[in-house]
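These notes are about the structure you will find just below.
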Amino acid sequence: MKLHRSLTAGLVALTLAMPAHTAWSQDAEPVVIASSEDVISLDPHMLDSNNPTGSVIWSVFDSLVRRAPDGTSVPRLATEWERVDDVTWRFKLREGVTFSNGEPFNAAAVQVNFARMNTAPFNSVQQLHDQTGLTEVRIIDDYTIELVTEKPTVNMLYWLAEAFIAAPDYITNTAPDVVASAPVGSGPYVLGEWNRGDSLTLVANDAYWGGAPAVKTVTFRAIPEVSSRLNELRAGTVDLVVGITPDSAEQANSDVSDLVRIEGLRKMHMGISIKGEQPALADVRVRQALNHAVDVPTIVASLMGGSTSPLVSIVNPPNNNPDLTPFAYDPEKAKALLAEAGFPDGFPLTLQWSTRFDGGKEVSEVVGAYLEQVGIQPTYEAVEIGQFRAGLSSASLKGIYFQGWAALINPSVELVILTCGHVDNSSGYCNPEYDKLVIEASQTLDDQARQKLEFAAQEIIWNDAPWLYLWRLPSFFGISKELSYEFRADNYLEPYLITYK
Amino acid sequence: MTVPVADRPASRPFAVRRFFARHTIGLIGLTILLCAVSAALFAPWIAPHPPSAVNLMARLAPPAWVEGGSMTHLLGTDNLGRDILSRVIYGAQVSLSVGAGAVVLGAIIGSSVGLLAGYFGGWVDAVLSFLINVQLSFPFTLLAIFLLASFGGGFVSVVVVVALATWVNYARVVRGQVMSVTNQDYVEAARTVGVPTLRILRHYILPNILSPIIVVASFSMAQAILTEAALSFLGVGVGGTQPSWGMMLNDGRNYLQNAWWMTAMPGIATALTVLAGNLCGDWLQDRTDPRLRK
Amino acid sequence: MPLFLFKRFLQALLVLIGVSFSTFIVAHMTGDPVELMARENATLEDKQALREFLGLDRPLAEQYLSFVGKALQGDLGYSFVQQAPVTQLIAERLPATLLLAAAGFVLALLISVPLGIIIALKRNTVWDVVVTALAMIGQAAPGFWIGLMLVVLFAVELKLLPVSGYGGPLYLVLPAITLALQSAARLTRLVRASMLEVLNADYIRTARSKGLRERTILFIHAFRGAMIPVVTMAGLELAELVSGAFITETIFAWPGVGRLAVNAVYQRDFPLIQGVVLMAAAFFVIINFLVDVLYVVIDPRVKLK
C-alpha cells in the first residue's frame, strides 16, 4: 500500500514537472517551424549544418553580407564594398547598430569575431580563412575595414555571408557553454526559450536596424519522423515544415497548407570511386558506360515525381557550360563501351549510401537495377555517416556511392572540389590539365576570361565522368496557407522575411 | 480446477484427438515456422518475380483484392515497383538466417558462460556473473548502434549484435540449472571418484541443460527477428542485396497513409514468425519443465 | 542489513566501472569524432588543433582516468558537439524520459497484472485463449509499427490526440501506450504462468486443506508468491524503458534521453555517450536493488544476505 502511494506521488510530481504549454498566446500568432533535427549549439562560430541550427543563427546574428536566394551578395552589416587591389577588399560598415546586450557594432567587433574564428576549435568548422586566404583584418576607422588575402580571391563575399558577428566583449569574456546557449547578436530575433531536443523559441528584436520582423514569435520544433511533421502540418499545429521526402511531398497539400517545391542547388550523383575496390572504374569508358546505362529522366519523372531535372554540368546554372548535354539513356551503347573496355560480362560493383541524404537507399537500388541490365552485378551497402565521411575524405569508398556536393552558385568553389588530392575529391579523380584550368580561373579577375577557362574545365570533367550524374536535389517545404514566404534553395530559413497573408 | 485425465487405453481416433489437443500450441507454432522455412528454402521457385526487379512504371500498386490492384502483383508493389509477395518470400531467407545465426551464436556464448559459472562456482562464477551484470546494465539500443557504427551494418554485424543481446538469457538459465544438477548426489559422487570433468559435463550436465537451452532459443529466435526490425528502423539493419522483413517494414514507414500494404505485409510475416517462435517456446517449456507437467 | 547494503553498493560500483570502461573502449572504436565535427574540407592542422582542444590527443589511459576522476566528483565533462555540460544535458532530458517510462510502466502493470491473474484463474476458457492470443500478437508486432499505426488512427483519422511533441497530459497518451503494449504483453503471459505455478504449489494446497477462504488464498498467499518472478521481470522492463525508448521517442518527437544518446553515438560525442550510458547503468543498478528489497516485502521467506 505504501509503495502504491509513493508511486502515485511520484507520478503527480512528474506531471507537475512537465512544462505548461505557454507558447500559444492569442495576440500575435506564433509561427511554428518543424524540422527533423534538434538545434545543436548557438555558438555562431561552431555552425556547420544549416537546418535548423543555421536558421536560428541566421536569425539571431548578422553577417557583413547576406547571400540572396539567387546567390548574389547583398548588404547586411556592411553597406558597401570595393576591391582596392588584387588582394585587398574594403568594407563600409553599417552605423548605429547595437547588439542585444547594448554593445555597439563597429570595426573592432569584426576584428574580434574574425580572430576568434581562426582559433581552435572554431577554425576546423569555419571556412572564411581557409577558403579566402584571409590574412589580416585592418581597421581603417570605426566603420571601415580592409580584408587582406594571401592571393587574389573571387570568393570573399560568398564566405563572408557565413561569417557571423557576435557581441565582441560578450564572446571574449563569457564561458563557452554560456556563449553556446545564450547567444548575443544584432539580428532580427533574440532567443526566447530553449528546451533542448524539443523546441526553441525566438522573439522579435523590435530594435532591429532593418525594422522589426512581421512574425513576433517563431518556434523551431524537432520532429524526427517526416510523417509526423506532415501530420502536424495538416492538423494546423505546425506552420512550416522542412525536410519532406519526394514521395511524401503530396501530403503537404491540405486544406490548411501548401506544398512548395524548390529545385535545389545540390548536385546529386553516384560518385565513382576510381581508386576503390573495382579497378574497372579507372577506365573512362566504363564510367561513361555507367552514365549511359541509367535512365535518369525516368527516375526523375517517377521516383522524384518530376520535381527536379537531370544535371547538365557539375557547375550550377547560370554558370554552366551550355554546350554540354546529359549522357543519353542507351543500354546498348553502355554494353558496347563496357565490351570495348574489356568487360563484356560486366563486373561486381558495390553501391553505398549514408543517412546524410534522404532516399539514398531507394536511389541506389534503382540505379543498381539499371546497372544490372547491362551486366554489372550490384551489391548494396548502407554506411554509417561517420564511416561514410571518413571514406569520402580519404577517397576510399568501395564502388559507387550516393552523394551530393556544393549547394551553391559559385563556379570556382564548384570546380575546385575535383582537383587532384582536394579534400572533397572523394572520387580520387586526378587530371592535371583540368587542375591547371581551375586554378587559373580562380585567380582570374576578368569575368569573361574566367568564364572561358571555367567552361573548358567543365567540358573536360563532364566527359571524364568521375560521377554518375543524377539530378539537383529538390527541396520540399510545407507552409500554412496563412503565411507567405519565399523559400531558398539552400534550405536556410530566414523567419524575419515570413509575412502573414 | 480441471481434474487430470487419468491415463487409460484409448481408441485410435481418441488418441489422435488427444495428441492434437495437447499439442495444439506446438503444432500451430511448428506449422508456421515450417511455412516460413519453406518459403526461405524454395524462394526462387515460389516467388513470382525477382525480389529486386525495379519497375518504376508500376510503383505503389495495391494488393490484388483492393481497387486498382492486379493479379500480377498479388500483395501489391512497393515504392520502387518491386513485387511485395516476392520480397516477403525472399525476406524470409534473411530474417530467418539472422534469427538462426543469432540463436546459435548466442546459445554458444551464453551456455558456455553459464556452464562454466555454474559448474566451477567460486571466483569463476563471480567473474562471469560480473560480466553478465555489466552486459545487462548496458542499454541495448546504444550497444547495438555502437557496434554497428564501429563495424558497419551487414548480416554478420547484425547477427553478432543480436547474439550479444540474448546470450545473457542462456547464461542465466544454464547457470542455475547447472548449479542444481551439480549439487545432486550422483554428480558429487562422480566427482569424488575422479571422473574427468569433461566426462561429467558431457554425461551428466549437458543432457540436463539441453531442454532449457532449446526453450530459451525459441524465444530468442523471436526476439532476434524483432530486433532486426528495430535495427532497420535505426538505419543500421542488414542491408545488402536481399530484402529482410525489417528492412521492408522500415522502407514502408513513410507510406503508412498512402500504401499501407508496404508495411502490413512484412509486418504480418514478422508477427506470425515471432508468434510461432513464442508458441514453440511455450510448448517446449510446458513439455520439459517437470513442475508444469501434469 | 547494513552489511548487505554495503556489499550491494560495492557490487554496483564495480558494475558501473565495468560499464564505463567498456563504453570508453567501444566509443573509441567507432572512430575519430574530429572527422565528423570538422567541416568536410578542414585541413590536417585544423583537425589536429581540434583534437588537442578536445583532449583527444592524450593517451587513452590518461583520457579514461581523467574521466573517472572527474566523474567521481560529479563532473561528466562537456559535450563535444553541443558545448554544454553533460550533466546539464542529461538533467534537461531526464524529466521527459522518467515521465514516459513511469507512465508506460504503470500502464503496463495495470494491464498485465489483473489480466494475467484473471486468465490464470479462468484457465482453458475462451477468455484465456483470447487474451493469451492477444498478448502473443502484441508481443510479436514490431514496436515502431504499433506506434505509427496508433498515430494514424488516433491523431490523424480520429483527431483525438496530438500527433507528437511534449506538452500537456494529452501528449503523453500515445507514446505511453506504445511503450506499454509490448511490456504488457510480455508481463501478462508471465503473470499467468507464475500464477498457475503457484496455484499448484504445496503451500497453497496446504492453505486450501486448512479450509482458508478462497479469496484469502488467492490474494494473500498466491498473489504474493506469483509476484516474485514478475517483479524481477518488471524491473528489467523498467530499466529498458528508461534507456531504450529511442524508437518511441523518435516517432513522437519526445525529448527524452534515448534520442540524446543515439544522436551522441552518431556524432561520436564521447563525453555525452559516457554520461548517458553511465546514467542508464546506474538506473539499472538502482532498480535491481529495489527489486531485491521488494522480494523481502513480498515474500517473508526471503532474507537479505
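Each chain carries a letter (A, B and C) given by its place in the written order, and its residues are counted from 1.
Note that in this section a contact is a pair of C-beta atoms (placed from the backbone, for glycine too) under 8 Å apart; a residue touches a chain by one contact, two chains touch by 3 or more.
Predicted model, so just to flag it, every value in this text is computed and none were measured.
If touching chains are joined by edges, the resulting network of the protein chains shown connects every chain directly with every other.
The busiest chain interface, judged by C-beta pairs in contact, is A-C.
Separation between the centroids of subunit B and subunit C, computed from CA atoms only, is 22 Å.
Averaging C-alpha coordinates per chain places the centre of subunit A 43 Å away from that of subunit B. With each centre defined as the average position of its C-alpha atoms, the distance from subunit A to subunit C rounds to 37 Å.
Counting partners per residue, subunit B has 149, 253, 256-257 as the residues that reach two or more other chains. Counting partner chains per residue, subunit A shows two or more touched chains at residues 225, 227, 384, 386-387. In subunit C, the positions touching at least two other chains are 30-31, 148, 156, 266, 268. Subunit A makes touch with subunit C in their complex at residues 3, 7, 10-11, 14-15, 17-21, 38, 40-41, 43, 46, 48, 120-121, 123-127, 130, 176-177, 179-181, 195-198, 221-225, 227-228, 231-232, 234-235, 237, 384-387, 389-390, 392-393, 422-424. Interface of subunit B with subunit C (complex): residues 2, 130-131, 133-134, 136-143, 145-147, 149-150, 222, 226, 229-230, 233-234, 246, 249, 253, 256-257, 263, 267, 270-275, 278-279, 291-292. Contacts from subunit B toward subunit A in the complex involve residues 52-54, 56-57, 59, 79-80, 148-149, 152-154, 235-237, 239-241, 251, 253-258. Remark: subunit C residues 30-32, 34-43, 46-47, 49-50, 52-54, 78, 81-85, 89, 92-93, 95-96, 98-99, 102-103, 106, 148, 151, 155-156, 159, 162-169, 250-253, 255-256, 259-260, 263, 266, 268, 294, 297 touch subunit A in the complex.
Residues of subunit A that touch subunit B in their complex: 225-227, 245, 247-248, 251, 298-299, 302-303, 355, 361-362, 365-366, 368-370, 378-384, 386-387.
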